[in-house]
Amino acid sequence: MKKLINRPEDVVREELEGMAAAHPDLLRVDPELQVIIRKDAPIEGKVGVISGGGSGHEPLHGGFVGMGMLDAACPGAVFTSPVPDQMLEATKAVNGGAGVLHIVKNYTGDVMNFELAAELAQAEGIEVRSVIINDDVAVQDSLYTAGRRGVGGTVLAEKITGALAERKASLDEVEAVCRKVNENVRSMGMALTSCTVPTAGKPTFELGENEMEIGIGIHGEPGRQRLPLASADEITEMLVTPILEDLPFRRGDQVLAFVNGMGGTPLMELYIVFRQLHRILSDRGITIARSLVGDYITSLEMAGVSITLLRLDDQLIDLWDAPVHTPALRWGV
Amino acid sequence: MKKLINRPEDVVREELEGMAAAHPDLLRVDPELQVIIRKDAPIEGKVGVISGGGSGHEPLHGGFVGMGMLDAACPGAVFTSPVPDQMLEATKAVNGGAGVLHIVKNYTGDVMNFELAAELAQAEGIEVRSVIINDDVAVQDSLYTAGRRGVGGTVLAEKITGALAERKASLDEVEAVCRKVNENVRSMGMALTSCTVPTAGKPTFELGENEMEIGIGIHGEPGRQRLPLASADEITEMLVTPILEDLPFRRGDQVLAFVNGMGGTPLMELYIVFRQLHRILSDRGITIARSLVGDYITSLEMAGVSITLLRLDDQLIDLWDAPVHTPALRWGV
Amino acid sequence: MGNSDAITLEILRRITEVMRENAEELTRLDSAIGDGDHGTNMARGFNAVLPKVEAMAGQPPAALLKTTATTLISTVGGAAGPLYGTAFLRAATALDGKNDIDERDVLAAFDAALEGIKARGKASPGEKTMVDALTPAVDALRAAVEQGLDLPTALDHAAAAARTGMEATIPMLATKGRASYLGERSIGHQDPGATSSYLIVQAIADVVRENSG
Amino acid sequence: MGNSDAITLEILRRITEVMRENAEELTRLDSAIGDGDHGTNMARGFNAVLPKVEAMAGQPPAALLKTTATTLISTVGGAAGPLYGTAFLRAATALDGKNDIDERDVLAAFDAALEGIKARGKASPGEKTMVDALTPAVDALRAAVEQGLDLPTALDHAAAAARTGMEATIPMLATKGRASYLGERSIGHQDPGATSSYLIVQAIADVVRENSG
C-alpha cells in the first residue's frame, strides 16, 4: 500500500487538522468530534444545511462547507458512515432557528445514522428534514436492492440547496429544491482500478490489465459488470445511455453536464470523456447549459470517471450560478 | 496501460475539443493548431500573457486561461514542449498592442521553442519578453545541469502576473512581477508511482511497493533519489527542509503554501501533508498567509505531491487575491 | 446464572478479543461484496466499549449492555453501527432490573436484539445479512430453552445455528445493504455482517460455557 | 554525386523509415533518463516531413532540407525539435544553390549542422547529448575527406564514429538536457538523442552507399 499518510487509523483526524490549517478563513474544525463547520455558523434565520458520509470522497463533503453550500459536514472513517453524535453536533452548530436540512446519500449506513441523529435533534427541539439522494442508475431501485446509491448528484444537490438556503428561504422551500434536484439528476460511473482503504492495506478488488468495471459506486466496491477495457468514446456511451433513458432526458432539455474523476484519472482524460458526452448530447438535441469537470466526489485513488446529468430549469440555473465560497467550489465572491 | 482515451496519438486534440465544449464561455480553442485562447482576447492596451508546455500537466496551462491569468496556452504532445508555430499564433492572438510576456518553464525544449517563437514574433513587430521559471530545488543550478526545473512556482507566477496584466500595467511592470515571483518561490516534489505516457504504453519508470522517488519533476522522469517509503510527516519534512534552506525562508516571513497533487494522490493525503507543513512552518515562525491545495500542475496519473512556498509581500498578496476566472482557478467573479 | 454482571463483562471482553482477531477476515469478506471496512469498524467499536465497561465492573448487565450500545453507535458507523447498537440497546432494555440472568432472560434479550435489527434495517431472512445468522440462532435458542436445556447448552445450539446461518449466506443473492449493488455477483461470498454476528454469538456461548458449573 | 536531389529525397525516406522502426527503442532510452517521448516525437516529425518532400521531388537538396527543417521545428517539439530543426536548416544553407553535391559539400553541411546544434543547445562534447555522436562523426568525415576518400567511404567512417560516440554516452554523466536532473543516475544509460543522431548518420551513409557506382 503506497499512500502519503502516517498511521492508517489517524487519516481522518489528520486530514481534518490539515483542512483547518489550510482554510482558517472558511472553516472551523473539531478533529476530535470530527465535524467541519462553516466559520460564520450559525446564521440567524437561515436554514442550516448539513451532509456527511465516509471519508475518502474528498472534496465531498468537507470541501463543500462554506457560504452558499453546506453549513457543516460530518466525515466518518474511510468509507464508513459517520455516527449520530457528529450529525447532532453539526445540526446544533448550524441551527439558526429556521430548521436544518440533512442531505443524505442513499446508503444503508448513512440513512440509519442520519435517522438516529435527526431523532436526537428533534428531541432537542430542532426541526430537521432529510432528503435522500439516490441518483445512480447502475443499481435497480427495487425490492431486491438497498436502492439506488447517492453519487454525483449529491454535489449538485448540495450546491443548489445551499444557494437557496443562503437566500434565507424557508425550510419547506429548501427541502423542496433539494428533492427537485434529486428527481432531475442521474449518474453512472466506471472504474479502471480499485482503491485501497488505509486500514485494509490492499485494494478492495483487483482488475486485470485489460478489464474495467462498469456501474461502480464511490466506496471502492465492485460494480455491476466487469468488461474488457474499451475506448473512452465507448465508455462514455456506456455511461450516458442508461442515464438518458432513465429519467428520461429528451430533445430540447437543458442540462448541467458533470464529468467527475474518481481520484486517480488525469484531468486530460476527463476532458476526452466530456468531448464525447457533448457529441452524444448534441446528437440528441440536448443542450449543455452548464458544465463541471474535475474530481469532486472521489473514491480515494481509484482511476475512473462518473457522469452526472441534471435537467435544468431557470431556478436550478439561477441557484447553480449563485455565489459560493468553499474550499472546493468558488465563484461570485 | 489503462487510460480513458481513444487513440494515444489523439489525446491532445481530443482533450482540447473537450475543453472547448466544457468552457465555451471562457475559451476559444484551435484543436488543429493546438492553442487555447481567452475568449475575449485580444484586449486593447493590455499586456498579453501566454505560457505553454507539454500536455499531461493539466490543468496547467490550458486550465489557467481566462481573465486575470493567462491569455493563451500552447499545449504540446504529452510531456513534449510545444512548437514555435503555436506560440507565434498565441502571441499574435493576444497582442493588444502593449506587448506580450512569455512565461517559460525551465526545460531545454521549452526554452528553445519559446525562443524561436519570440524571434518570429519580434520579426512581426510584436514586443515579446520572456521570463523563465526555475523554482525546483531538487536540481542544482550549476554548470553541470540544465538548470533548475520550472514546477509549482509556475502556477503562482501565472496567477500573479496575469493579475497585474489584467490591470493594464506596462510590459516592464508585468515582466518585473513575474521575475519577482520566480525569485521568491521554491518547490520540491516526490512520487509514489510513475506515470504512463499514452504513446509509450508503459510507465516511464517502476517503483517497488516499498519505494519512493524524492526530487521528481513533472514529466514522469526519475528523481534524484530513490528511498524506502516513509510516512507523510517524514516526506513533508524531506520536501520542505531544502525549500526553506534554499531561498532561505526566515522567521517572520509570510508565505503562500501550495501543496500540489501530482495527479493520482487523493485530496485527503494532500491535507495530511498540509497539516505537517503548517506545523513545520509554525515551529520556524513562518506564517501561512495564503494556501492552495489540490491538483494544479500534475504528471498524468502519478501518485505524489509537491510543495511550493512563495515568500509574500503586500503586492504579491494583492495580486494573488485579485479576481481570476479560468477553468481551474476562480475567485472574485 | 449467578454473577451475571461479571459474566456480562467477560462476554464483552471476549467479543472485543474476537473482533480484534477477526478484523482482517471481516474486512476481507467486506471487500469481496462491500467496501472493505466492516472489520476495522467492529474492532474500533469494541475497542471503545471495553475500557468503558471495565470501569463499570459490578454494575448490572443491562447497564453494561446499554453502554455497549451507545458506544457502538458512537464509534462504529456504517450499517453495522446502528444495527448492532440497536441490538444491544434492545437487549439492555429486556434485561433491565435483572441481576440474576437465566435462560429465559437470555432468550428475551436475544429476541429483542434481533427484533431491533429487523426494525432498524428492515431485512428479512434470506437477504444475505446478519439477520441470516441471528434468526436461526434465536430460533435454536428458543427451541432449546423450551426443551428445558440448560443455558450453556442452549447457547451452544444457538452458536451452531448461527454458524450454519452464516455459511448459508454464501449462495444467497444480496437484497439488502451494500452487497445488493453487486446483484448476482454477491452470490458465492459469505456475508461479513453475518460473520461478525456468528462470532459474537459464539463468544457469548463460549464464555457462558466456561463459567458454568 | 550525380542526382543529388533524388539521393536527398531517398535519404529523407530512409531516415523516416528508421525513425519509425526505432521509435519504441528511442522512447525506451528516453524513459530511463528522460520523459519517454523522444521516439514518438522523432517519428511524428519525420512522418510529417515525408509527404512534403515527396511533393518536392526534383527540387534541389537545399530546398528539401529547408522544408525538412521547418517541418521538424513545427512538429517535433521538445529539445529535439529545435536542435534537429536548426541542424537541417544550417545544412540547407550550406548547400544553397548546389545541385551536384560532392564530399566537400557534405562536410560543409555536416559542419554547419553540428555548429547549429551547439549554438542552439550550447552543449559541448562529453555532456551526454547528440553532440557526442555528431562530433566524432563530423571529425571522422573531415579526416576522411581530407584523406581523399570517396563520399560513400567517408560517410561509412562518419557513421562508425557516430556509433562509437553514441555508445560512449553510456558511462557519461549528463550535464545538459533532461537527463542532467538525474545527476549520477544518468550514468550507465545510452543517450536517446545521441542514438537518433547515430541512426540518422547511418541512414545517410547507407543511402549514399547504395546509390554509389
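The chains carry the letters A, B, C and D, assigned in the order they are written, with residues numbered from 1 in each.
The working rule: a contact is a pair of C-beta atoms (placed from the backbone, for glycine too) under 8 Å apart; a residue touches a chain by one contact, two chains touch by 3 or more.
Quick caveat: nothing in here was measured; it's all calculated off a predicted structure.
A.B. asks: Trace the shortest chain of touching neighbours from chain A to chain D and give its length in steps.
C.D. replies: 2
A.B. asks: Centroid of chain B to centroid of chain C, CA atoms only: how many Å?
C.D. replies: Using C-alpha averages as centres, the distance is 55 Å.
A.B. asks: From the mean C-alpha coordinate of chain B to that of chain D, what's the distance rounded to whole Å?
C.D. replies: Centres of chain B and chain D (C-alpha means) sit 32 Å apart.
A.B. asks: I'd like the Å distance between the centres of chain C and chain D, where a centre is the mean of that chain's Cα atoms.
C.D. replies: 75
A.B. asks: Measuring from the mean C-alpha position of chain A to the mean C-alpha position of chain B, what distance in angstrom results?
C.D. replies: Taking the mean C-alpha position of each chain, the two centres sit 29 Å apart.
A.B. asks: Which word fits the touch map of the chains here: line, ring, star, complete or other?
C.D. replies: line
A.B. asks: Pull out all the chain pairs that touch, please.
C.D. replies: A-B, A-C, B-D
A.B. asks: Looking at the complex, which residues from chain A come into contact with chain B?
C.D. replies: Residues in contact with chain B: 2-6, 11, 14-19, 21-23, 55-56, 58-59, 63, 192-193, 207, 209, 212, 229, 231-233, 235, 257, 259, 263-275, 278, 288, 291, 293-295, 298, 300-301, 303-305, 327-328, 330-333.
A.B. asks: For chain B, which residues count as touching chain D in their complex?
C.D. replies: 9, 54, 76-85, 107-109, 112-113, 115-116, 138-140, 143-146, 149, 197, 199-200, 204-205, 217, 219-224
A.B. asks: Considering the complex alone, what residue numbers of chain C touch chain A?
C.D. replies: Touching chain A from chain C are residues 27, 31-37, 40-41, 44, 73-83, 120-121, 173, 175-178, 180-183, 185.
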